[in-house]
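Below you will find the structure I want to go over with you.
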Amino acid sequence: MSRRILLLVVVLALVATFVVGAAPKKVIYHYHWTETIYDVINANAVKMFMLKNPDVEVKMVLLPDGDRPNIIRTVLAANGSIDSFALNNGESAEFLGAGQMVPIIPAAFGKKTIDDVVKMWTPGAIETCGGTWEGQYYGIPFELSDYVAWINIADMREAGLNPAKDKPKTWDQFVEVAKKLMKVQGGTTVRNGFMCNSKEAVFNFLVLLNMMEQLGADWGNEKGLIASMDQPDVLARALKTYTDFVTDSKIWDPALSDNDRSGFGTNKSGIFLTGGTWYWGVLDTYSVKRKDVEPFPYPRFPDGKDIGGVGYGYCLYVSKLAKDPTLSFRFLDALASQPNEFIKQGYHQPRVTLSNGKPGLDPTLAKKYIPYYDQVFKGELAKTAVWLSSTKGNQVRDIVWQAISRVIYEGASVDDSVAQLQTDIKTLYQ
Amino acid sequence: MSSYQSSQRVLRTLLYVVIGVLGFAFIFPFLWMIVSSFKLNRDVLAIPIRFFPPEWNWMSYVNVFTKFPDFNFPRFILNSFIVTTLAVVFCLFLSATAGYGFAKYKFKGNGVLFMIVLATIMISFEAIVVPLFILVRRLGLQNTYWGLVIPESLTAFGVFMMRQFFFSLPNDFIESARIDGANEYAIFARIAIPMAQTALLALVIFHAQWVWNLLLWPLIVMSNPDMRVLPQGIALFKGGYNTPYPEQLAVSVIACIPLLLLYIFLSKYFVQGIAMTGLKG
Amino acid sequence: MRKASYSVTRLQNHGYLFILPTLVFFTIFLIYPMLSAFRYSLVEWNALTPPKAIGLKNFIVMVKDPRVINSIVRTLHFSGISVAAINVMAFVFALMFGSRLIRHKNFLQSLVFLPVILSIVAVGVVWEFMYQSTGLIPILLRKIIGVSPIWLTTTSAAPYAIIITYVWKSVGYYMVIYIAGLMDVPTSFYEAARMDGAGFWGQLYYITIPNLRNTFALAVISCIIFTFGQFSIQYVITKGGPARSTEILSLLIFREAFELSKFGYSAAISVLFFLMLLVFSIFQLRLFRSGTLGE
């Protein structure tokens, strides 16, 4: 018994040594998501910042991307130690609407006015990345990407199609092409013509958002979303187009694979719609080769608007709980000052100039490291649909995904599902 | 050979076959996991399915330690060891004392108090995570080992289990010790605890495996990257755009080795023998 | 010989001291947050802005919410089948691995326990892959019986896929409980029975099962409580889908709070969850006649 007590004491002493020994430095906590390819680049930025500011210690809290907003929300709710964090433009409205962030402090960047700061990024970048709220600027853009369509041209050739001419331009052509790319063996689909994520709401929501915008609805903000609820025919047309992929033309079998990024990369799908410039780097880890793949603009509706893909971005924010907001902004500036390192991985950061006046993203690098940058990505980004900005964005996402799920998993009719969607959205914004 | 012996033979073979199939079904996913950790990322998910890697990826385990700058494996494992040991020891203490108290003493409110304790596992942990974190913060325990360990030591299941066990413990030992003049705490420590070895060991395994694999609470309470535990480390392998499957599986395999060793070490006590006589009449 | 000179009550009151540490820590770290959580059920709160008091509105909405009703049904289905399967299998394994006919008991026990110690993420990745339409399980099933359900994307099969994975992961845990319980049945009981001419089934029925009453109570009640409360398998493999067919109550509680930022509503559902379990547990403790209130 006494031996056990001794053991306990030893263990406690060990523990004490870990708790004690807190550094007298200033410690700032930044909450970010983990992406194995980019973590190295971020770690480097942190190291350089700490070298230049020896009295500061930066603790990067890396979280799985899906858990990131939830953890941030919990820590904020409990007044925990969180000085800065990263959010994408689908998430930021909720936090901005609750006053959780500090507006950009120009002095931290060595600038006099906020306009001088905004000029360091491409025009409109901060808005598209979700970093503005009620006329004020809060977020430092960290990524600006756009979904384009991707197709496997080796599969096209195998199906007797000509990659140069036969890439689909309308949604009807999309279905025709996908049917040819689909492969069935012994009653089971072994290659989807097209696929999206079978489990996650957000990707399906974004593709549908694009279709809605092409059909004239404005799903970029709450007002437009609510207004579109009075257009059931538009809702039904978009929903039907999307769900028909599963139920009608059957070019998408959700049971084959749940994740379209890995599915396309392992040739379980001929086409997918949720990849940005960064996908080249991801593709390299899979079996499909770069030469067998081509990005192309999102198909359109012949009578619809010319809207391509879905634009989204990540911004870095300073929390209102930050002990030293200026210091945190300086850190975020450092974190967002390596656009040329990121572009080598195909990751696009819209930084035009750095705070010290040096140029930011080198446009020739973009062309060099991102195949089809000029031909496809740049053009589509200019015409992109923008993710919904609403404080209840997560609930909207869920409602839309339920609408889609009802049709593709429960066999509900499109009209019934649309009716439920209308009711749910109207109740949400009462 | 008599018909009795041959029917015994048949039964034995049948039993072996059933056990073989079941054993295989149990271990197969684990084997798949191990084998897949030696595949290349593109082969993990490729079709047609191959059990063995078409190309062996010997680097996955090495990459785990070299390619991920935030993955400080030695530190994570040390943290996990400390936290798990503390949590298990504290849990044993609380469960044994409370279980004994509830089982062996008839005091007013015994039943009600036990129901209150039991009620604490009837609330899903996610429901209390936010208020618990607010409380932990107010007590200044955020980002400390204690803030992590104390909530992780509390499980009504442990109390429940020890109580059930102590119910089965015959009172004669206790009564005679009392007559011999021993005080209650001595009886508890010298008689009850040693007799409760099996149950305590089972509780050690249960609680150790629960704490060792716990992710949500450390994720919330511990923002200091140096004090992360292993599950938080494993979570670093799931990227937003891309998940390196071989490395993630490799890490998962490594992570379950300590628990496996613990189980093998402790289960010797279990196999000492169940009293059932089996089919021999 | 010194006679006991204190009253019975004073002796029995030592019990208070034994349970005191547990009561203190549980009250501070579990009961207090629990009550706070229940208080949240009376507000509307997204964790970022101050809570808004709305009285019983959450409960009124909850009672009519098809999503909640779906979750209750799914939970009962999932728990009912899982608890039954787990306990039957665990008990049989515990018996089997004590049988004289089987050698290598230790190894086999470890095999069955192995899934318990794996991390849920690894389990999710591996099993999800095995269930996909070109995955191992459908391929095997088609070879053996010619057909296979579509596991993860049909509302009829997905719950069973989850049950199978969950049972696989949990049986070992309860097997250990039953083994521990079996070990404490004195050998003398069995010898006496054998001398009275009882065979395997006789011993099982007259000796083993009655003496395992406390163990059964522990195993079954804990199994129900844990099964109700766990959702990581559903979260990792199907995320509650397809179309909410695997969205059990605990997953819904998590989602409403952490994915939809409705902490108040989530708390209301957790009150319901709590009451359901409380009723179950009281009922079962009486059923097993093991340590009921006031005993």
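Letters A, B and C name the chains as they come in the text, with residue numbers starting at 1 for each one.
Rule of thumb we're sticking to: contacts are C-beta pairs under 8 Å (C-beta built on N, C-alpha and C of every residue); 3 or more make two chains touch, one makes a residue touch a chain.
The structure presented is a predicted model; accordingly, all values stated were derived computationally and were not measured.
Peer 1: Which chain is most remote from subunit C in terms of Cα centres?
Peer 2: A
Peer 1: Go ahead and name the chain pair joined by the largest number of contacting C-beta pairs.
Peer 2: B-C
Peer 1: Can you give the whole-Å distance between the Cα centres of subunit A and subunit C?
Peer 2: That gives a centre separation of 37 Å.
Peer 1: Once you find the CA centre of subunit B and the CA centre of subunit C, what distance in Å lies between them?
Peer 2: 14
Peer 1: By the touch rule stated above, which residues of subunit C touch at least two different other chains?
Peer 2: Residues 47, 134, 258 of subunit C each touch two or more of the other chains.
Peer 1: Show the residues in subunit A shared as contacts by 2 or more other chains, in ascending order.
Peer 2: 74, 77, 190, 257
Peer 1: Which subunit B residues reach two or more other chains?
Peer 2: If we look for residues of subunit B contacting two or more partner chains, we find 45, 47, 130, 134, 235, 238.
Peer 1: Considering the complex alone, what residue numbers of subunit C touch subunit B?
Peer 2: Residues 1-2, 4, 9, 11-19, 21-23, 25-26, 28-34, 36-37, 40, 47, 94-102, 105-106, 108-123, 125-127, 129-130, 134-136, 139, 168, 173, 176-177, 179-180, 182-187, 189-190, 194, 199-200, 203-204, 208, 211, 214-215, 217-218, 221-222, 225-226, 228-229, 249-250, 253-254, 257-258, 263, 266-267, 270, 273-274, 277-278, 281-282, 290-295.
Peer 1: Considering only the defined contacts, which subunit A positions touch subunit B in the complex?
Peer 2: 1, 8, 11, 14-15, 18-19, 29, 31, 33-37, 39-40, 43, 59-65, 67, 71, 74-75, 77-82, 190, 257, 261-262, 265-266, 268, 278-279, 281-282, 285-287
Peer 1: If we count contacts the way the header does, which residues on subunit B are in touch with subunit C in the complex?
Peer 2: For subunit B paired with subunit C, touching residues are 11-12, 15-16, 19, 22-23, 25-27, 29-30, 32-33, 36, 44-45, 47-49, 93-95, 97-98, 100-107, 110-128, 130-132, 134-135, 150-151, 153-154, 156-157, 159-161, 163-165, 167-168, 178-179, 181, 184, 188, 198-199, 202, 205-206, 209, 212-213, 231, 234-235, 238, 245, 248-249, 252-253, 255-256, 259-260, 263-264, 267-268, 270-281.
Peer 1: Tell me, which parts of subunit C touch subunit A in their complex?
Peer 2: Its residues touching subunit A are 46-49, 128, 132-134, 138, 150-155, 238-239, 241-245, 258-262.
Peer 1: Per the contact definition, I'd like the list of subunit A residues that touch subunit C in the complex.
Peer 2: Residue positions touching the partner: 70, 73-74, 76-77, 94-95, 98-100, 188-190, 198-200, 253-258, 392, 394-395, 398, 402, 405-406, 408-410.
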